[in-house]
Structures are given as structure tokens and as C-alpha cells.
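Pasting the structures in now, so scroll down.
In the two complexes below, chain A is the common chain; its partner is chain B in one and chain C in the other.
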Partner chain A sequence: MTATTTTMPPTPRASAPLVARESLWSRIRRGSLWISITTVAIMILLWEVIPQIGIVNRILFPTFSDTILGFGQLVSGGYWWEDLGKTLYAVAIAWVIGVTFGFVMGVALGISPFIRTAITPYAIAVQALPKVVLAPLLIGWLGFGSESKIALAVIICFFPVWIDTMVGLALPNANEFKLMQSLKASRWQVFTKLQLPSAVPMIMVGVKHALLLAFTGVLVAEILSASDGGLGKLAKEFASQLNMSLTYAVVLVVVIIAVALVSLADVVERRVVFWSEESRARKR
Partner chain B sequence: MTRTEVIAQIAIDQSEKKRKKFSPYIVTVGLLPLILLAWWLATTVTKSVSPILLPTPESVVAAFPRVLSAMGFGDQVIRTLLEIAGGFVLGATVGFFLGVLLSSSNRLRTAYLPFLSALEAIPTVILAPLIIAWIGFGVEGKILQAAIACFYAVFITTLSGLGLAEPSAINLMRSLKASRWQVMTKVRIPTALPVIFGGLQLGATTAIIGAIVSEFIGSTGGLGYLMIRYRGGYDTAAYWVIIFLFLVIGLVVYLGIWYAERKIVFWRRTEITRPDLEKQ
Partner chain C sequence: MTTMTQTAPLVRAEGVTKRFGSGEKEMVALSGLNLEVQEGEFLSLLGPSGCGKSTALNIMGGLLSATEGTITFSGEPMIEPRREIGMMFQQAVMFPWRTTLDNVLLPVEIFGEKKKDYIAKADELLGMVGIKDFRDSYPWQLSGGMQQRAALCRVLLHDPKLLLLDEPFGALDEFTREAMNQELLRLQAYSGSTAVLVTHNITEAVFMSDRIAVMSARPGRLVGILEVPFDRPRTPDLQTTNDFVKLVAEARRMLELQ
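Our next item is the complex of A and B:
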């Protein structure tokens, strides 16, 4: 038999560490919560003290309290809500388009092993190309508006969904396919009853990853084009004015949004793929 | 295998041989001229794509010698490669050792887990303006940006890979009086290597992205700087030459790490097989 092992682009991905989620109580009892709290406290203390006593320049490295003040200033500025809204809007649109496009492409190219194998070298090439190189071109072509942001974010974020759909559809093993065939399942039935259910947990990982990549894409476009507004533009402008406490505040906001997006995606993922091994293990 | 199974197997093999008249890779090769043809049709013939976005293939081919022989081009390439390599080595080293450190204690790991998930979420590009304000437009800033971009992937794959070792293997080592160091180097790290290599691959890709973005935003040299200059002069063909260069860099790095993995981690193949065609 011809060994038809194809090497799909091994989508390298940082998977979550294999640590069981612990209840708050057990974390207190085992002392790990105290380590967390102490670490945060020490870090904030260092953040506050080091610039104060002059080890680093306070203008370039504002203290924690400076950053909090900068945050207040940022939120009370008239431009704030508009810039925040512009970024979130672009991320949402780009994510929806990217996920849809990636899924359709993954199904179209992943449904047949033949096409999948044929397309693999191209998938590797698309993966290896750092897609941000297109950013200045897209900005030059589509202008400084939200279109260029969305276009860049779509190009960056569709990829993991595409690959994960393709790989996910190939997950069921040969016996499962044979069982379906021996029961006279149609191609459509094999797809909806076997391939799709086993692919969805994998696709959800890609969908989550795409959310972060869409955010990254939008921020890159905003930092580079710097005229339509958005959080990226704010960070770049404040940094170039050496207004570092406001820059820190923007970075802080970006971190908070990113963490919130991921947590939200985690919750959705657990609801959607309740049948996956991981979810079942969590319930046990 | 029973005899009926063997017969069934042969029948399947034969039917598959009959069905598969040619290898899928013929399609792969065949697609390339089709893509080039589509590019040519879209730009040169129908002019339906804006030349600001995608120039004609002829002009890109013509731009190759011009870009490659431009004054100081080699220096720019070396500078960018240095930034990528420096950032990758720095970020991967820090990530690996932090991963080893955290994996050594369960308590530390649970204590820092919430921060780690937060780290995963942070789009590191937002730090680029900050880093430029801190240490300027030079090579050091790009290396730092690339290192920050690639740190997380290596760190988290090291951490989760080191947890993959079989408890029974570790117990065996312990019962043979193996030290912690021996358990780490003989069991944990070998088990983790395939996963870590996945992280290195992802980390290398993100290091390239970090370096480019940082060069785009503000730099005194490098390929990203050249791209911004070419775009400013509406020399899109030259711009595309550098895109191809980045494609080559990306592929070399990506496949290089993949090749290194197959050579170093010879005891486990992480390639995803095609289970639907696999024989038991």
C-alpha cells in the first residue's frame, strides 16, 4: 500500500498548559493564591518605586500611579469612546469575515483527501509568509479608513480557521469512515455526522486564535496608518509625544480587552463543544 | 489479520490503486502556472487589480535585479536577519528556561496560571511604539520586539510539554534513584521536545512578524524600512520583490525548524497523518 501520510502544515500552536482548574478554596489552602497576590503586589510596588527613586527615567517609565492618572485622563478625553469603538468594530467585522472565509475554504479544500494533499505546500507557504508585510500596501490601496484595517485583519486571521477546519475534517480514523460507509451513509451524512462533529472542537481553537490575530491585525494597521483613529493610533501618538503615562494606559486597556475577549471565547467554546473530550473531562 | 481481512485489504488496495491514477502533487505543481496566469490576467491583460496593490508580473521580474543590486541592499538584509535571529534566540531561551522553572513546581504553576493566560492574549505589537520610545530606532529595539513576540509560544509549549511525561516513567526513574536533573533530562525534556519544536516554529514566525512591524513603525534600516521607502515612491514592483524575499525567509526558517525537529526528535514523528486513508 502506498503510504499516504501527508504532512499537513503542522499548525504550531501554544496550547494551554495542562493544569487542572482549581477552586478558589483549594488555591487558598495550598498557598498558591498567596503567591499570586504577593507577586502582583511586589510587581506593582517595583513599578511604583523604581522610577520614583530614579533608577530609570520617570518620563520614559511612568510609575503605577502615573499610569492610573493617565488612565483617568484617557477615559475622560473626548476622543476616547470613538477610538475604542473604532478598534472594536474593526476587530468584530474582521473576525466574522475571517472566520467565515476560513471555514468555507477549510471545508472546500479539506473535504477530499486528494485536494487536501495537493494544496498542502501552498498552505505551508501561506503560513510561512509573515502576512503583515501586506499592511503598508493595503493602507496605500484602501486608504486610511477602517477598510484597510479590516482587510489586513482578515488576511491575518482567516488562516488558523482554514487550517484547523482542514485538519479537523481529517481527524476521524479509517474505521469510523468504514463504519459510515458500511451503513450506506451518503457523502453529506459522513460530513455532518462524522467529520464535522469531530472537527468542531479543533475549529473552535482556530476561531479563538483568529480573534486574537484579528485584534493584532487591526492594531498593526492603526499604528501604521495613524489617521483613522483607534487604540493603535492612540498608543503611537502618545508614545511619539513621549506622553508615556497615557501610552501605558492605552497598553493597559489593550491588555484588558484582549484578556476579556479570550475569556469570552473560552466560555463560548465550552458551551459549543460540550461533547469534546476536554469539556467532558472538565465536567467529571 | 485473518484471511478474510487480508483479502478485503487487498481488494481495497487494488481499488484504491485503480482510483488513484496520479499523485496529488501533480495538481500542486500544476496549480503554480495557473496562479501565475491568473496574476498575469488580472494585472497585465484586464487591469482589474489596482497596480498600487498588485503590479504586473513582468514589472516584478524586472524589479528583481534593480532591488537586489541597490546600494547597501545586503546590509539591510543582514540587519533584518540579525534582528530576527537575535530576537528568536533571546525570546526562545528565556521562554524555555521560564517554562522549565515553572514546570518544576505545581504550586508556582497554579499561582501563575491566570497571568499566563493573560500573556497569551496580549497583542505584542501594541508594545512597539513603547519600545521605540524607550530605546530608539536601532537594532536593539527590533531584537527586543522580536524576542517579546516569540517568547510566549516557546514558554507555554515548554511548560505544557514538560507535563506530558508518563507518571509511570517518572516513578520508574525515581525508584531507580534518579535525581531531579536526571528525570528532567532523560524523561521530561525528551517527551516535551516535539511540543517545544512546535512552539519554536510558531515563535520563529512571530519573531519575524515582530521585527517587520517594528521596522515598519520606525527604523533606521532593514527590509521593513526599505519596503516603506519603496511604497512611499509608489514602486510597488520593488515592494513585491521584498515580499517574495520574506516568503523565502519565512519558508527557510519554518522548514529549517521542521527539518531540525525530524533530525533531533527522531523518536517521535509529530506529523499529522491522513487517518482516512491509513491502514490499520
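Our next item is the complex of A and C:
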């Protein structure tokens, strides 16, 4: 009896910390952080020097320091916070609506073959369509306010959530379904205890993707219909005044926001689907 | 066939045939299976791939319905999966978002019972298979053998009357597989369950079983039943005895007859 219980020594793997991830400190020690810092420094240096020595026109391509000055000017302007707020608000609303709609559609198509057959042709059409073309239509229907902006962003961002949810729900393998069937699990139990948890890693990918697409959608709409304000409107206005350092500053802000959103989403993703990387590497 | 015992069999299959598809694509997976599984025995379904042994097992478990023939469990017709029947598959089927303990307790949730009523039992079983220290680890932190140990705990949690085992250790290496077979015999004896094992490994079938149902392929059918008279508990030494080797040869001969 006891002999058999000692045949399996604990593997070292099992005693390793649950979520081992490279810390900032270890990156500094290993030197990989220095590589990143050096490349960024070289980029900034080139950005600073090339317009100054006249290879490109400094008016059209402002230097790094011009851009930083423009950034200061931008931030000190009273209109700035309102425009930033309008953009982020629209992104947040569009993202929530897009993710919710995409998830509901994904679940409907994922669990009902009938709905899947009925809707798939339209789904393919929607996917193939460059959705920006709908912008004039939406502005015509909903006016120049935030509604048309949010509508365009929703249309652009819901698709990956939809598809990833649908695909994710089909991920469990035959044995997993058989186990649930052998336990006489109801359809609802199979969905909540097997399909949905299996789909979460995929859904998270779609949700992350949707965040950036919503951002893109809002900016495009702002550039097309300037009356509601926002970062897109600022970029367009500064560019039309040939105020390139301010235009660059807006672009810089957009880059910073995008990177921040992606990083935040990555952190959340790792917390939510802590099992995903490890188990995927071992399974299938 | 020859098993005319006094007690009613736990499982009785009469003329069970299973066809998949229809028309030209029709495939007969299992043809006219007559088989009785006695209470408390360890029966193996032995045969090459395509002999319908897994199909037969799935029909016994209520996962598939027979095209023809009847199958009863404790005298009642099998029409759907039952709680008294526990199934194990080729893979451990552990959900990676659940800890070992929560995986073992999955049936409790599905059956709508209280988890806390079963934690002590689950811990006891995990202790018996030697992975109690890993109750709060996740499956991907466990080796394949440890995962199957956990799966064994999960299937035994509700004291099933019948264990249906579809090559449960087929994916494991030879050493782990032997250890797991020992473990399985020990726990089956402890729980008093009846067991039906699907395997294509002759030695394994002889070592584990009281009776072996030898099957052949295309169409899947029963060739004959081989009685294995060795005493229990069985130890690995048994495999080197003359009687054991003779039975293995006998089983091989039955398989090759077709």
C-alpha cells in the first residue's frame, strides 16, 4: 500500500512558483532592459539630429525637442483635457458595447448551429468590408456628435470578440465533452464549467484587440467629423495649420495611450487566464 | 456465454449492434454483442483498433445508444449516463483552470451537491494515490501519471458501482502505466466496484482481469471469453509465471484466429 504511494516523487515543476514571470529587476540584471533603452535612445537621437542637419524639412518633420515643446504647449492649452476626455470616453463606451455585442454574438453562434448557419454569410461580408467606408453613412444617420463616433468604433471593434468567442467555445476536445456527458451534465453546465472557461483565453485576445480597434475607430471618426472634438480633431486641425510640432505631440500622446492600454490589458489578461500559457504548452 | 451464475449480472448486453452513418457510408462498429458483466468482477475488452471495444464501452456508459439490441444495467435499460457509472478516458481530462482538488470535486458540482460534504473523501482518495500534497496545484504542474491518479480519485469519489475504463493509461509510459494498473486494482478492490477495461495490450488484460472478452475487427464482434483464474491481490511477479505466459499465448491465439 505505502510502497505505491512513494513511487511518484514530487516533480520540481510542481514546487515552482505558480506564475513565474520576468521581473523588471531581473531584466536589468540580465541586460535585456539595456538593449531596449539603448535602441530608444538611438531613435530619439536620430529623430533630433536628422531634421536639424537638414536632411528632411524641419517644418514638416519637427525634431524630438520640438515635439516635446509642442507637447508642453498642448498640455497647457485649456481645450486639451476636454479633447482627451472626449476621446477616452468614446473609446471606453465603444469598447464596452463592442465587447458585449461581440460576446453575445459569439455565444449565440457558438452554441446554436442554426444561428451559425443563418448568420455566417453576413459575418463573412462584415469581416471583409473595410468598415471605415461606413463612416459617412453613420455620420449621415447619427449626426456629427459622439454617437456616430461611438457607432463607428463599435462596428470596427466587435468583430474579433465575436469570432474569438465563437472559436473559443469550440476549443474543448472530445474527451472533455465526453467527461461532462458521462456525468450527465446539463447543457448549461457544459457551457459554464467547460466551454466558457476554455474560451476565456481566446476571448481575452479578442477583447484586447477590440480595445485598440475601438481607439482606431474613434480617432478615424474624429478626423472625419471634427465637430465633436477629441484627439483626432486636434491632430487634423494642427496639421491643417501646418503646426507640425503640435501634430506630432498629439500623435505621441496617442502612442503613449495605446501602449498604456495594451500593457494594462496584458496585466489583466495574465491574471485572468493564469493557466493558459502553461497548459497550452502541455496540452494539444 | 459460459457464465451462468446465480446472481443477476450488473450489465447485460443482448445482440448489441452499432452502425455509424447510413447508405454507402454505413460502418458497422459493433455487431451482435452478447455479454454479461457480473457484479464485482474485472472484465477486459481486448482487441485490435476498430474492433468496437470503445463503442461497446460507450454504449454501456450511456454515451452512445445501440442501433440494435438491448443493454441493461441492474436490470434497467440503459438510455442515458447514470451516476452509479464512472468513466475514465485515454486522457486524464483535467481542467487547467481548476486545482487538483477542484477537478476531483467536479462531479459534486455537476450533481448539484455540497462541495464541503465531499472534501474529506476527496482528500482521503488523493492521499491513497499519493498526491495529497498536490491538492492545491494545477493540473499543468502535475506529471501525466499524477493527473491520471487525480482522475482516478474523481471517478471513485461517488463510489460508482461500475467503472468503465477506456484505455485510461494508454498515453503513459510503460513504468508509470504498470504502477497505475497496480493502483487501479488496489482501489477497485477497496471500493468493491465492478470494472470494465478497454485495452489492446494482451499482458495488461491478463494481469488485470477476471475475464477477458476477446474481440475482432471489421465488423467488431466478440470472438470468445477467456477466464483468468489467478488469485488477488496480484503482484507483478505473476507475469513471469508459466500459467500467466500460457494465458497470454491463449489470448494471442484467439486474437489471431480471425
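One rule holds for everything that comes next: the second predicted complex is superposed on the first by the 231 of 284 C-alpha atoms of A that agree within 3 Å, B and C clash if a C-alpha of one lies under 4 Å from a C-alpha of the other, contacts with A are read in each partner's own complex, and residues count from 1 in each chain.
Here is the rule we go by: a contact is a pair of C-beta atoms (placed from the backbone, for glycine too) under 8 Å apart; a residue touches a chain by one contact, two chains touch by 3 or more.
Predicted, not measured: the structure shown is a model, and the values here were computed from it.
**Q** Compare chain B and chain C by how many residues of chain A each one touches, and report the one with more.
**A** Higher number of touched chain A residues: B.
**Q** After lining up the shared chain so the two structures overlap, which partner does A:184 touch, if you call chain B first and chain C second: first, second, both or neither?
**A** In the superposition, A:184 contacts chain C only.
**Q** With both complexes overlaid on chain A, does A:175 touch chain B (first), chain C (second), both or neither?
**A** Both: A:175 reaches chain B and chain C.
**Q** Taking the superposition as given, does A:197 touch the first partner, chain B, the second, chain C, both, or neither?
**A** A:197 sits against chain C, while chain B stays out of touch.
**Q** Going by the contact rule set out at the top, does A:275 touch chain B (first), chain C (second), both, or neither?
**A** A:275 contacts chain C only, not chain B.
**Q** Share the list of chain A residues that count as touching for chain B in one structure and for chain C in the other.
**A** Common interface on chain A, chain B vs chain C: 1, 4-8, 10, 13-14, 16, 18, 173, 175.
**Q** What residues on chain C touch chain A, complex-wise?
**A** For this pair, the touching residues of chain C are 58, 61-63, 80-83, 85-87, 89-91, 93, 95-97, 106-107, 109-111, 127-131, 133-134, 137-143, 145-146, 149, 179, 182-183, 186.
**Q** Under the touch definition given earlier, write down the residues of chain B that touch chain A in their complex.
**A** Residues 13, 16-17, 20, 24-25, 27-28, 31, 50, 52-53, 107-118, 120-123, 125-130, 132-134, 152-153, 156-157, 159-160, 163-164, 195, 198-202, 205, 208-209, 212-213, 216-217, 227-228, 231, 236, 239, 242-243, 246-247, 250-251, 253-255, 258, 270-280 of chain B touch chain A in their complex.
**Q** Under the touch definition given earlier, write down the residues of chain A that touch chain B in their complex.
**A** Contact set of chain A toward chain B: 1-2, 4-8, 10, 12-19, 22, 27, 30-33, 35-36, 39, 60-61, 113-122, 124-125, 127-130, 132-138, 140-141, 167, 170-175, 177, 212, 215-216, 219-220, 223-224, 231-232, 235-236, 238-240, 242, 244, 247-248, 250-251, 254-255, 258-259, 261-262.
**Q** Under the stated contact criterion, what part of chain A meets chain C in this complex?
**A** 1, 4-8, 10-11, 13-14, 16, 18, 173, 175-176, 178-185, 189, 193-194, 197, 200, 275-276, 278-279, 281-283
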